[in-house]
Structures are given as structure tokens and as C-alpha cells.
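Working notes for the structure below.
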């Protein structure tokens, strides 16, 4: 499943953050987003996920192909691991949570409430959510935060398996995941911070 | 001054309340306009100098 | 969408979910009224329809800010917005869940409180019917208000300010139905009007709420 | 022939409104002074209501403009939602406090008129009550504008509120008629019915109404200019921060 982005301009609130972003991700391929803190990686990912409308440019992907994972885990503290996963599986119209549990080694934690888990365990659960979405293009925002080395390896293995199955991924991360088919994409040249062009108030008015 | 009779207090206070509220609205608008205009001019001149 | 409803109901029933708080508020509210107006049964019987409707309305209002706020804070709302569930459906499900966990218990509790307030016997069917048909409108309007204010920190007070004027027609017709029922007058017309407001709210407001959510998420 | 939508451009609006503002403000002052002085000093007392009839020259125009202000906000909100003209959204924002003050004037003068005529300051009459509700709508609308940081989001959300609020305001109006028949007399001014007040009261009333109308227009133009400047100020400060 391919994702093509052409001349994309992204905004956050009243400000344009990025302009002219162009890249393509083929099936089985991963794109690693690089850029300084605050450069606009999160804004780009939110635009790809369809949360923020783009100011200009096009995003070409099959409908309902993108699964998004944000900084926030999006877990319900009162629900158990199994219930959290089952909810997302239901929301995305998927049935089986087995592979997701296995990939992130959540079996021993299934009945634990999300509120009682450590930050790293929550992160694993939140990443396991991606596997129950059944969606081919993953857009991930700093997915390895608070994961230990062992679980970073698990995550890398899950992404590798996803790619091998014909999926693709766009990942904002600073660490090297050692993915087989990964191209690095530095957003620094596309940073264009200014008042958005459709805001008529920044031009001279006299 | 017309003879307002027994209702003078109601009629006069109606007019007083109305004129008072309109004055507050108009003066408030003017005050707000002046403040915004002054702040905008400060920012504009800062911008012109740097440009 | 069913998964969403199931999750919302589960969350409401778990510890800290707030289920029962509105009910307890309703109970306390109705209990406090006689202390305010005096224990004369005649007076209580006259005001009971209005008090019960007002109490139900305020109890609904109490839990509105939880509808979207918690999902917004932990990031779930972003993720649901990227899921196949349309935001219109999300708003409708949220309103339904709010009604099932707040409105429906109030409907069940209202006749009991009616006894405490000396509500005349003829009014009970109208009380239950008007609340049953009217509280869904309260939930739908409240969901719209919650969607408008989801991005605002400490938006609870603002939410009340926005929602209360919108509640007025429902309150008028609902209470009027019970008043007329208590007096043995024709009460079907206000009941039908309550039902009309509910149907209209359920038809329109999920779309308005979804539009507001979209703005707040971007 | 220029398109009317060109006036939705802030710069164009500033130029046009700068031209229009003195005229509307002048007309407002002229009509208000003429209408109110004529009405206050040179009209006879009503045989039933005595001198309180003089309150009509402020009560009726402010009530009519209070409702018209909301209608104008509704139209402006629709234009923003459909065509996304920023000035339109700001004009709606600028009109809200004006409409609210007119509502308060209508309520206050109504109470001052009701006390001698009906023997009570306040009556839960459908008309009075709908103005109270209108006041609450204005309050909520303005509070929502204030509460939201991002101006475009605020414009979107207040527009949605204005649209939904208008629907509910109409329902409330009918609900109130159903609820209580009320003491308030019928409409004083109407086009389709026979004129139901005599000419001596009619002429100053119409002039006062024009005065309130022009005053509303002038204030909205003026306040919209302020809102545009405030919005530009915000944009420039944001630009400075971004470097």
C-alpha cells in the first residue's frame, strides 16, 4: 500500500509549519522522519492522519489506510489490557487480538488494568493497538519513548513483520531501529514557519 | 420640560438607563479601539524598523 | 460503534466512572426542596412537577463535561477520529451512553422522589413518560455543548452557560406535561412536543457536535 | 461591477468602513436626537398609559434591534461557515455586545414600564422571557469567543453555536407562547396589520427606530474595525515570535 505526499503544506493553529513536503513510501518500505524538536514532525503526522487539514498539496493513499499513534497512549486506566485492545479491535472492525498480544509480549499482563502499569508497559499496549487496526500504513510519533532495549527490539520486529507483509510506515524517531527497508527523510529543509497564507490579516493593511 | 405627572420617575429613569447604557457601550468601544490601535501601531513600527 | 458504546458503559460502571453521582445529586436535590419551601404538602404537590424536571435537568448537566473531556485528555479522541467510526456516530453514541448511564436512572428514580414531594397520583404516568421522552434531548444537547467546549481548560462552567438556554424548551414542555397531568388536564400535546424536540435534537445535533469536534481536533 | 465579496477582504473593508462610518454615525446621532427629543418633548400623553408612553421611543426600537442584531450575527456566521470570509466572522463577534446592550435596554425599560402599568417589575410573560433567554444566548456566545485561543477555531465554534442557538431560540419562542399567554400587548409596529398607534406617536417612533438602526450599523462597523486590528495584532505578534 503506497503513500504519496506532494507539495504538502501543514499548519498548526494560525501558523504554517511546513511547506513543499514531497515523498513517497512504497509497500514494504519505512520512512524515518528526522528533524529537530519542534520542527514539525508531529504536525506532519497529524496532517497525514487526517486530523489537521493540509494548507496545500496532496496526500495520496487508499481510503482508511492510515493508522496513527500519537505521543499520548490513548488508554483507559480503568480497563484491563485485554479490554483496551478489544475495544480498539472492535472500533476498527477487527476480531482477533492474539497476534498483537504476542508481538508485544502482553500475555502475562492481559488482566492488569492499564492504570496500574508502568509507562513502558503502557507504551507496549498502545503500540499493540496498531496491530488490531488492520491498517497498512502506520504513522507513528516517537513510538519508542519509555521503552527499554528489549521492547525496542520487539517493536522493531513488529514493524519489520508489518513491512514484510506489504505494509508501510512513517515513523518519527531519533533512534536507529535497524529496519531493513528504511529511508531517512529529514524535514529540516521544508520548515517554513510563518503566518498561514490563507490568513488575510498579516498582509499590510494601512 | 413636559409635565410627566405621576409616572415621571419611570419615564426619566428609562431614558437615563438607556442613555447610560449606550454611553457605556460607545465609550467602551472607543476605549477598546484606541487601545488596540495603539498596540497595533507599536508592533507595526517595530516591524517597519526591523524590515 | 457498538464497541464504543460498550466501552463507554463499562467505563461509567467502573470505579471512578461517575455512574450514580447524577442519581445521588437528583436524590439530594429533591430532598432539599422541602427544607427550602416548607413541609406543607399542598405547596409541595404544586411545585413537584417543576422540581422533578429541574432536578433531572441539573443532574444531567452535572455529568456533561465528562462526555468528551476524559477522551480528549488521554489522546483517545484523536485516535477515535482516525478510526472508521465517523465523528457523527461518535457524538450519537456518546449521547446514547450518557442517556443510558444518566438519563435512564433518573427516569426510574423520579417516581420515588415524586412520592417524597407529594406528587398527585394522576401525574405519575406523565412524569415517567415525559422524562423518558425528554431526557434523550438533554443528553443530545449536552453532547453538543461538550463538543463545543472540549478544547477549553476548565470549560465546565462555560458548558453550563451554553447548554442551559438550549434546555429551556424541553424543560417547559416536560414540566408542563406533568403539571397538566397532575391537574387532570389534557397532557398529550406537551408530551408530543417533548418527543418532537427529542427527535429533532437527535437528528440535527450529532452533526453539529461532529463539526465542533472536528474544529477542536485540528 | 465589483463582486460584493470583495468587501470581505480586510483591507477593502477598512477603507469602505472608514468612508461609511462618519455617515452612519452622523445619521444615527441625527435620527436619535430628532426621534427622542420629538418623542419626549412634543408628543401628548396616552389617555390610558399617561406619560409612560414616552418609553416606547426607546423600548420598541431597542427590542427590534436586539433581535435584528442576532439575525445579523446568524447571517454573518453562515457567510463564515460557507464562504470563510474572516471579516464576516469578526463582524458577528463585534455585533454581539451591541446586541446584548440593546437587549438589556429593552429589558430594563420594559421593567420600568411594567411597574406602573401592570404593577410589577417583572412578569414571566412570553415576550419578556424570550428577551431574557436572548440575553443568555448573547452571554454564552460572547463567553465562547473569549474562551478559545485560536481565532479561526473560535469563529467556527461560535458560528455553530449561533446556528444551533437560533434554531433553539425559535423553538423557545413557541414554547413560551404555549406556556403562558402573557400580559404584553401585541406588536406595536407591523407592516401587514392596520397601524395600531396613532400618527402622533408613529412618526417619532419610526425616526427613533432608524436612529437605533444606524447606531447599530455604526457601532458594528467601528467595532469590526477594532476586531480586524486586534486580529492583525495577533497575527503580527505571532509572526514576530516565529522570527
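Note that the chains take the letters A, B, C and D in the order they are written out, and that residue 1 is the start of every chain.
The criterion applied here is as follows: a residue touches a chain if its C-beta (ideal position, glycine included) is under 8 Å from a C-beta of that chain, and two chains touch if they have at least 3 such contacts.
These numbers come from a predicted model, not from an experiment.
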| item | value |
| --- | --- |
| Least step count from chain B to chain D, where 1 means the two chains touch | 1 |
| Central chain (distance from its CA mean to the mean of all protein CA atoms) | C |
| Chain pair with more C-beta contacts, A-C versus A-D | A-C |
| Rounded Å distance, chain A centre to chain B centre (Cα mean) | 52 |
| Length of the line joining the C-alpha centres of chain B and chain C, rounded to whole Å | 41 |
| Geometric centre distance via CA averages, chain D-chain A, whole Å | 48 |
| Centroid spacing, where centroids are CA-atom means, of chain A and chain C in whole angstrom | 37 |
| Where chain D touches two or more other chains at once, by residue number | 153, 232, 236 |
| Contacts with 2+ other chains: residues of chain A | none |
| Category of the chain touch graph - line, ring, star, complete, other | other |
| Residue numbers on chain D that touch chain A, as the complex places them | 9-11, 14, 86, 149-153, 228, 231-232, 234-236, 238-239, 242-243 |
| Touch list for chain A against partner chain C, complex | 46, 49-53, 64, 66-79, 83, 86-93, 129, 133 |
| List of chain A residues in touch with chain D within their complex | 13-15, 193-195, 199-206 |
| Chain D - residues contacting chain B, complex | 36, 40-41, 45, 50-52, 54-55, 58-59, 62, 97-98, 101, 104-105, 108-109, 112-113, 115-116, 215, 219, 222-223, 225-226, 229-230, 232-233, 236-237, 240 |
| In the complex, chain C residues that touch chain D | 144, 148-149, 151-152, 155, 158, 161-162, 164-166, 168-169, 172-173, 176, 190, 193, 197, 200, 204-205, 208, 211-212, 215-216, 218 |
